[in-house]
Amino acid sequence: MKQTTQGKSGIKDVQNSCDERGIAIQKVGVSDVHLPFLIKTKSGSFQSVLAKIKLAVDLPQEFKGTHMSRFIEILSDWSQKPVSYREVEYMLTDTIDRLHAMRAHIDIHFKYFIEKAAPVSGLKSMLDYDCVFSAELVRGEQLDFMFGITVPFTSLCPCSKEISHYGAHNQRGTMRAKIKQLPGKFIWIEDLAAMMEEQGSCQVYALLKREDEKYVTEKAYENPKFVEDVLRDLVLTLRKIDGVEWFEVECENYESIHNHSAYAAHVECVEQ
Amino acid sequence: MKQTTQGKSGIKDVQNSCDERGIAIQKVGVSDVHLPFLIKTKSGSFQSVLAKIKLAVDLPQEFKGTHMSRFIEILSDWSQKPVSYREVEYMLTDTIDRLHAMRAHIDIHFKYFIEKAAPVSGLKSMLDYDCVFSAELVRGEQLDFMFGITVPFTSLCPCSKEISHYGAHNQRGTMRAKIKQLPGKFIWIEDLAAMMEEQGSCQVYALLKREDEKYVTEKAYENPKFVEDVLRDLVLTLRKIDGVEWFEVECENYESIHNHSAYAAHVECVEQ
Amino acid sequence: MKQTTQGKSGIKDVQNSCDERGIAIQKVGVSDVHLPFLIKTKSGSFQSVLAKIKLAVDLPQEFKGTHMSRFIEILSDWSQKPVSYREVEYMLTDTIDRLHAMRAHIDIHFKYFIEKAAPVSGLKSMLDYDCVFSAELVRGEQLDFMFGITVPFTSLCPCSKEISHYGAHNQRGTMRAKIKQLPGKFIWIEDLAAMMEEQGSCQVYALLKREDEKYVTEKAYENPKFVEDVLRDLVLTLRKIDGVEWFEVECENYESIHNHSAYAAHVECVEQ
Amino acid sequence: MKQTTQGKSGIKDVQNSCDERGIAIQKVGVSDVHLPFLIKTKSGSFQSVLAKIKLAVDLPQEFKGTHMSRFIEILSDWSQKPVSYREVEYMLTDTIDRLHAMRAHIDIHFKYFIEKAAPVSGLKSMLDYDCVFSAELVRGEQLDFMFGITVPFTSLCPCSKEISHYGAHNQRGTMRAKIKQLPGKFIWIEDLAAMMEEQGSCQVYALLKREDEKYVTEKAYENPKFVEDVLRDLVLTLRKIDGVEWFEVECENYESIHNHSAYAAHVECVEQ
C-alpha cells in the first residue's frame, strides 16, 4: 500500500494516499462557488456577471482524494479574463493539467443582460436572461460544449381567445433551450435570445410606455399560442441554427388562471 | 461564578454555566425544522400538512446557552395533535415552562389545501395556499397571534384594456395578508381565503373545463384591476373582519409583459 | 385540414384542431402542481405528504394541443389512494388512456419522514428526507421506474484530522441517490435511507440528548471521510441492492471552512 | 369626478383617473427587478454587482394608479453610476420628484465580493457576502438608511467539545446584521464584514492550502462558541460602531449533527 506522502508544506498529503475500493470516480470537485466572471459580448466587449459554478474532474481508482483548493485557484484565475466558448476550453485544459486528470467538467450559471428597444417608443432597457455554459473536455479530444438560456415571453391562450366573447388569458412563460453545436461552431447569446423570443405570443420588455403597452397587448392577442405551439416553433427555430447537432427545449407557462404551470419539453439530435 | 453543572446523564451541562457579558438574548432556539403537523379545519376535522418551523425563547443574561433538544421534544409532541389558535397558545405555554423562559415565539409555515368548485362545471379540485401561524407569548400575558396567508389570483390590467383595440394583459398575482385579532377572536383559513380571493380580477382554480375557462376569461376582462385596486379592496375587506386590530398586506403581479412584478403594500392598525 | 371540433360542452375544442408543423412533442402536460399525496410505508400503512408533481404525455404531430384539465383530474383521483411503485404504473396507464397518448411521464417530489432512535438515549424523533418517484410508461411496455432520495449526514474531513493537533472540520452533507431496478423489484424508502446513512462519518438525527451528542461527535471523529470516500462507499452499497440495474449518486458537503461545497458524482449501469 | 386624462402619447392615462375608496397606499412600485449595479468600494473604486431591487412610493388616495414605467427609467439611469449611502439618497429624491410622491422606499439586494488572504499561506481569494441597502426617504426629511450583510463563519460547539473525548461538531453558520446609523455616519461593507467575521469560532475562506486548513481547524477548536455566544459577541461589536442607533442581528448554525439549524436573534436601539 502506497504511503501517505508529504506535501510541499511538509504536512501530510492525505488525498494522495492510495485507495483500494477499486472505484474510479467520474466527477469530484467544487459546487456552489460564487464568483464575478466576465462574459464576452457580441459587440466585442465583455459583461461582468455573477457566476455560480460547479467544476469537477475524474479521479482514478488508486487515489483517495482530489485537491479541492486547486479548483478555486483555477476559477480565481479565470474569473479575471473575458470568457466565451474558446476560453471554456482553455479553462478545462488548464483544469486537467493542474489536477492530473483525464477529463474535466464545468457548469457556469449566470444572469446575462441584453439591451432591448421598446417596440413603439424605441426606449431602451435591459432584460435579464438566465444562462449556462456547460462543458466537458476529455484529454486529447474535442470540447463538448453546451449553451443554455432561459428566455421570458408572453403567451396568450388560443382556446381562451376562441371560446370567450372578449379577452383571453395570457401570462409570463419561460423557454429554456440548451444546444450543442459542431466543433468550431458558436452562436452569441444575443443572437440565440433574439431568435427565441420571436416564438412566443409576444416578447417581454423591462420598460414599456403606454403606446408600447398597447402594442404588446394587441400583438399577443393577434398571436395566440399554446405551450405546444411555442415548443414546436422553438424546435423549428433551433433546427436552423448553424451546426446544431443536439438540443433540448422546455417551455413553462405560469398560467394566470391556475396556480400551476402548463409544460412542454423536447430533446432532439439533428441530422447534419 | 456559577460552576458548570452536571446534567442528569452525568455529563457536564455547559449550557447551564454562567455568562458575564450582560446580554439577555431575545430569541434563541431552532429554525428550519420540518415536521408533519395537523391543522384544524373549519369543517371540524384536521389536515395533515408539511410544517417548517422556527421556535425560540428568550435567554436571561446569566445563562450561557439554552437547551436545544427540548425544542425538538416539544415540537414532536405537538406534531401529533390538531392545532389551531388555541393550541398554539398551549404550545408556547409548554415551551416557556420546559425552557424556564419568560417568553416564547413560534412561526409555523405550511401549505394548506382548500377544495374549490369550478365556477360553471362545478367540478371540485384542491387549491394550495401558503400559510403561517406566527405567535408570541409572554409569561402571564395574553397570546399575540398573527395569521398570514398567500392567495393566488388573476389580475387584468385596466390600462391595457382601455388603450387596446382588443385583449388586455393579465397574469397570476399573489396577495399576502397577515392579520392580528383581539384576544379570543379567530377567523378560519377557509373564510379568510374566500374573502380575499374575491378581490382580484378573477379567482384561480386547479381544475377548469372549457365552459369554466370561458367564464374566468370573461370575468377577468369585465373586472380589470391594477395592483393598487386589489390592494385597496383588500384593505377594505380586512378592516371588516371581526376583531381585527392590525393587518399587513402585500400584492404582487407577475406581469405577463415584463420580467419583473408590480407591487403594493400597506400596514394598518384598525381603530376598534 | 381537419376542422376545429365541438366539445361536449358545445364549445369549440381548439386543442383537437390539426397541426401541420410535423412535430410530435415528446412531453406536454402540467408542472408545479402541489397536492397532498399518500405514500405507502414499509410498515403497511401510508404517510400523507406534500407532493410537487410534473405529469406529461407525448402529443402526435397531427394534434394542436393536449387537454390540460385531464391531468389535474387524474392527479386529483390518485391523490386519494396510497401510492407506491405499483400504483405509479396504474397512474401512468390511466394517464395514457385518458389522454389517448402513447407514453406518459411523472415526477413526484415529496418530503418523507422516518422515525429514528437517538444512538444512546434511544429517544425517538422524525427525520425528513427529500424523495422523488420518477417514472415513464410506454403503452404496452414495462414501467421505467426510478426512485430518488436525499439523505443528510455528517462528514468529517480526514485531511483536517490528520494534519491538526486537535479537532477536525466537519459539516452537514447530503447524499442524493437515484436508482432503477429490474421490473418487479422494489426497495422501501426506509430501507434505502437506512443503507445510505451508514455511509457518512455519522448519521444525523432531529433529537439528541447530551449522551447522544457525545456519541455522534466521537463517532464522526473516529470515522473521517472525504466526499470521495462517501461516494465510493455509496457506490458499493447501491451495487448490492437487489435488482439494481442503474444508479446515479451525488454527494455534497456544505464545508464548514468555506462558503462553497465539496462535490462528487457518479453514474453506473450495473451488470446483472 | 376627475376625468381620465390623455397622456402625452394621446392615449388615455387610466392611472391618473380618480379613486374614491379613500385609501392612500403606503407603497406601490416594482419588485423583483434585476439589474447590474455599481457599488462603491472602500478602496475608492466600484464593484459591478447583480442587484435585485424593490422600489416603491406612496400613492395619495385620490389617484387610481402610479406610473410603473418610471420606476424602471429611474433604476436604469442609476444602474450606470457607482452607488453608496449618499447616492441612495439622490436616487430616492429623484424617485419622489418623478413620481410626484411624498415618500419613496428602496431595497437593493446584491452579492458583494471581498478579497481575503488565507491565514497562513496568505493566498488571496474572493469571498461572497449577501448585502442589502434598504432606505426610505420622506420629502423634506433626512434619509432613513439601513445596511444589511450576511457573513458566513465556522461555529464549533462548546458542549460537544466539553463532553467528548476528542473532536467537536462544527458547521458553517451565517450571521445577518442590519444596522442604522445616525445621519451622516456610514460604515464600509469591507469594515463591517471584517468586524463581524471575528465573532465566530473561525472565519471561512474560499481558498485554503493545507497549512491554512490546519490553522482554521485548530483555531475553531480553541475557540468554541454556541450560537448564543456568537450573537452576544456580535451585539457587543455592533454597539461599538460609530453612530449606530439601531441594529438587528440573527445567527443561524447549519448544524452538522442535525437536519435543522440552531438560531438566535436580537434587536436593539442603542443609546447615544
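Which chain is which? They are A, B, C and D, in the order written, and residues in each are numbered from 1.
Here is the rule we go by: contacts are C-beta pairs under 8 Å (C-beta built on N, C-alpha and C of every residue); 3 or more make two chains touch, one makes a residue touch a chain.
The UniProt protein names, listed by chain, are A, B, C, D = GTP cyclohydrolase FolE2.
Everything numeric here is computed off the predicted structure, so don't read it as measured data.
A.B. asks: Tell me which chains count as touching both chain C and chain D.
C.D. replies: A, B
A.B. asks: Tell me which chain's centre, taken as the mean of its C-alpha atoms, is farthest from chain C.
C.D. replies: D
A.B. asks: Just curious, how far off is chain D from chain B if you go by their C-alpha centres, in Å?
C.D. replies: Centre-to-centre distance between chain B and chain D: 24 Å.
A.B. asks: Can you compute the centre-to-centre distance for chain A and chain B, using the mean CA position of each chain? Integer Å is fine.
C.D. replies: Chain A and chain B have C-alpha centres separated by 35 Å.
A.B. asks: Need the CA-centroid distance for the pair chain A / chain D, whole Å please.
C.D. replies: Measuring from centre to centre gives 28 Å for this pair.
A.B. asks: On chain B, where are the residues touching two or more other chains?
C.D. replies: Only 11, 33-34, 72, 128, 159, 163, 206, 208, 210, 214, 259-260 qualify.
A.B. asks: Would you identify the shape of the chain contact graph, picking one of line, ring, star, complete or other?
C.D. replies: complete
A.B. asks: State the interface residues of chain A toward chain C in the complex, per the touch definition above.
C.D. replies: Those residues of chain A that touch chain C are 4, 11-12, 14-15, 19, 21, 23, 25-34, 54, 56, 59, 64-66, 68, 72, 158-159, 162-163, 226-229, 231-233, 235-236, 252, 259-267.
A.B. asks: In the complex of these two chains, what residues of chain C are touching chain D?
C.D. replies: 127-128, 152, 154-157, 159-160, 163-172, 202, 204-206, 208, 210, 213-214, 216-218, 220-221, 254-260
A.B. asks: Taking the touch rule as given, give the residues of chain B at its contact with chain C in the complex, in rising order.
C.D. replies: Touch list, chain B to chain C: 7, 9, 11, 13, 33-36, 47-50, 69, 72-73, 76, 79, 111, 113, 123-126, 128, 206-211, 214.
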